[in-house]
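The next part holds the structures, each set out as structure tokens.
Below are two complexes that have chain A in common, paired first with chain B and then with chain C.
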Partner chain A sequence: MRRLRVVWTVFYLYLKQISVDWFVIFTVIVQPLIVALLALYMLRDTEGFQAIFVIVGSAMTGLWSGTLFFSSFNIEFERWTGNLENIVGSPTHLATVIVGKTLANTTMSLSSMVLGYSLAALLFNFQLTIAYPFLFFISLLLTVLALISLGLVIAPLMATNPGATVWANALEFPVYIVGGFLFPVLLLPIWTTPISYALSPYWAARALHATSSGGVPLSDVLLSWVMLIVFSVAYWFISAWLFSVLLRRAREEATLGMQ
Partner chain B sequence: MDAIEVFGLKRIYRARMGVFGRKVKEVLAVDGIDFDVAQGELFGLLGPNGAGKTTTVKMLATLLTPTAGEACVLGHDLVGEPGQIRQRIGFVFGGERGLYWRLSGHDNLVYFANLYHVPPEVQKRRIPYLLDLVGLSGRGDEKIEGYSRGMKQRLHIARALLHEPDLLFLDEPTMGLDPIGARELRHTIRNLQAEKKTILLTTHYMFEADALCQRIAVINQGKIVALDTPTELKHHVRDLSVVEVQVFGIPAEAVERVRALDGVDMVSVENRDQKQALLIQSGDGAAVVAPVVNTLEGLGLRVGNVVVREPTLEDAYVRLVGGEP
Partner chain C sequence: MNKLIASLRIFVSGAWLAYIGLFRWTEPASYVASKVVMPLSQILFFTFLGVSATGRQTAEFYIVGNALQVAAINGIYGVTMTVGRERNEGTLIYLIGSPANRLVVFMGRATFNILDGMLAVVLGFMWGVLLLGLDLSTANLAGLSLTILVTTASTCGLGLLMGSVSLVALNVMFINNTVYFLLLLFSGANIPLATLPAWMQTVSAALPLTRGIRAGRLFVRGASLADVWPLLVGELAVGLAYALVGFVLFSWFETQARRRGPLEAF
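Then we have the complex of A and B:
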């Protein structure tokens, strides 16, 4: 209960801070909207075009970019502002704070899905019907869980190896493609398929597309859900180990308060 | 049981050098110190910059792992039981960092109160009380980015007190504050002392240590060079008197010439606006006045007021650390 209260407080107060941060607004709201608009214009005359596929796919780009960038800098931000020592020196585990922050980032990213949906429906009069709303909702919940878990791996990994943050930039667009956010991965060379399967964002996109666009057997949706749960649990264990390494090294190497 | 017990505490920093980081440079920051702090005591760690004060505090606040030695904080082992220690201590490091500038003072306190698991019903009473205690009542709803440095520093104190800690570490809390802000903060520290909080205060301001602390450990180059009450520390130099000579621009050569005079034990220079004060410690202050003034005037320097006075804690400190304050 106490831990949940910490997560809620961090979530609420961090959301309050990032909701007025223009970099965050651009990355998780404006950029996915631009992607959605461009994709709607480019693909609307193609055969089998489904606007809902584009809206869900562009929202995934926002969710992925948000997870990647903000998780990479979640701990560094606390260090820069001098709060990392205050957090680590408190009885709350650093990972609990990062869960609250990642949840806030994901919530911001999800708002791009709502905005994109509204834009396409109201401005362009696209028919936007979610094929299986309940299954879509479950897929969305599992997506959020998987991305938070992934964020909990990225955050200590980047904080332990500051040089690795350059990868955050390099990883953004390739995952848009191999994650199958805006077009099926079947269009890609066959050798990229194992890479897609190894990424939880791919299974998230697959579940969301299947339940929003329809036309896919339920077994396929169930497979995506199982993969999302497996990835989430695995990431959770990896993250616990990474956090213990990070905190031990930070206390030994005196990097908690480093500017 | 003492609130803090420290035995042979040591900390070495290792910095990687060179392009590939293969060369490691070691810096001994704290060199096997021993001390203890009683329950309810206001204990001072006094020393120049880089003496090892902050490193000592960070080790005791569980933020740094000691390289060697042992310490018990509130009966818990520093290395083995950091979780039990963290719930019962509060700490404040000097400076403006360590707050969320886009949030209000009140929101910052709510945030940290939850990190310390302060129940919501207690927060409702405690946060307004603390804002009032540190003189920020009525300003709690303003964003931190609009706070002055002194207000931020006082909010740090409030943050550290949210969970009613038994032990408080204050690391140079008045650093960078204007005289009024620093005085208000010292007043707050006195109030905490009156509440029987155990406080470990680090400072390099002599008068602050003298005015607040019951005992002071003087630390220099990682070692404790003296540990006593302010009165007893002053007694270390009771056989001395201090000659203060006002000068207007003094070259290093003149300081060396004065230092070489018979009867002069120690010389330091203090900048005072456009002037300098040459502080000379001597067993017989009156006897060295004439040779000192003659030496300075012989070098063509303009000499102002000359005063012979009793030694202060600062003089004791200068003698202990062997340099300028």
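Then we have the complex of A and C:
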């Protein structure tokens, strides 16, 4: 119960903080909207075009960029502002605080889906219907769970390897590609398919596209859900191990606040 | 003569140090991530997205557009950072206090970004040939090289303007990011301009890259310089106009800073 209260407090305070942060606003709102506009113009004359596919795909770009950038700097930001020692020294586990922050980041990132939907409906007058609303809602919940779990891996990974944060920029578009957010991964060389399968954003996009655009058997949706759950559980174990490494190193080397 | 040599020295050394120090290339990994992997993945993403819409036969359109768009990484981010970070690093006060020629200092900030931007665009074309099957066998390579130079320089003109704005703006990276992504939409890198609404075509005509990308596509198809030079002159003129407005703003901010003292107050 105490942990939940901490998660809620961190979530609430951090959501207030990032909702006025211009970098966050760009990453989760402006950039996905421009990507949505680009994709709508590029794809609208194709055979079998579905605007909902573009909205869901561009929202996935916002969700992934948000997860990547904010998780990369979740712990680093506390280090820069001199708060990391205080958080680690408090009775609450560092991971609990980061869960609250990651939840706030993902919530903020979800706004890109709502705004993209509004943009396509108002600006382009597209008829937007979600084929299976209930299944889509479950897919969305599992997507959020998977991305939060992935964020909990990225945060301690970047904090234990501060040099790795420079790669955050470089990892944004590759996952847009192998994640199949806006075009089928079948277009890519065959050797990239295992990379797609090994990433939870791919299964998230697959589940969301299948339940929003329709035309896919239920077994395919179930497979994506199972994969999202499997990845989430795996990420939690990896994350727990990375947090323990981070905190052990901090005690052994006394480098927690060093940048 | 001594004054000329001093100005030349300031131009070269100032440009080099600003490029290395303020564009954050002291770490090679940072350069590889931002200048090699990121542009490559962006070219791949938009090419595959375009191909999924219009078929493999149109890949050239997206490869050339996005390879030239890479120039904006240096043009916008690079130049803005080499001008604007003087304030963040606390060195703006010394720059303004120095007797160095302002035009030399200002324009010098773009120099290495133009060279580096050209390298990035060439790398973009190389990825296009090696990974996406771009055919340059009939291309006018001299014309294409000239296009790369002119387009990179013109985006740096926009960068000089953004750099001046960054001296007074609270969050210029938000503006930079937005402008960079809007260029992907308006420049014709990914969408044929004729399919855009009229107001968007008007905006795109006032932007750098638009004419450069058109020229690049023509040269890849083997067009001669005689056919394409008006586009290149137009591209250069747009870039110079932005640079000029940037310099006027820079000078105005300096005058205001001297008069009212708010140099680092923003």
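The rule is simple: the second predicted complex is superposed on the first by the 258 of 259 C-alpha atoms of A that agree within 3 Å, B and C clash if a C-alpha of one lies under 4 Å from a C-alpha of the other, contacts with A are read in each partner's own complex, and residues count from 1 in each chain.
The definition used in the following text is that a contact is a pair of C-beta atoms (placed from the backbone, for glycine too) under 8 Å apart; a residue touches a chain by one contact, two chains touch by 3 or more.
Keep in mind it's a predicted model, so treat the numbers as computed, not measured.
In the superposition on chain A, A:252 makes contact with chain B only, not with chain C.
When the two structures are aligned on the shared chain, A:123 is found in touch with neither chain B nor chain C. By the touch criterion stated above, A:218 is placed in contact with neither chain B nor chain C.
By the document's definition of touching, neither partner reaches A:234: not chain B, not chain C.
When both complexes are overlaid on chain A, the residue A:170 reaches chain C alone and has no touch with chain B. Of the two partner chains, neither chain B nor chain C is touched by A:4.
Common to the chain B and chain C contact sets on chain A is no residue at all. On chain C, the positions that touch chain A within their shared complex are 27, 29-30, 32-34, 37-38, 41-42, 44-46, 48-54, 171, 173-174, 177-178, 181-182, 184-185, 190-191, 195-196.
Remark: chain A residues 22-23, 25-26, 30-31, 34-35, 37-39, 41-43, 45-46, 163, 166-167, 169-170, 172-174, 176-177, 182-184, 187-188 touch chain C in the complex. Those residues of chain A lying in contact with chain B across their complex are 2, 5-6, 9-10, 13, 16-17, 20-21, 81-83, 85-92, 97, 248, 251-254, 256-257, 259. Those residues of chain B that touch chain A in the shared complex are 13-14, 58, 61-65, 83, 86-87, 89, 91, 93, 95, 97-103, 107, 110-112, 114-117, 120, 159.
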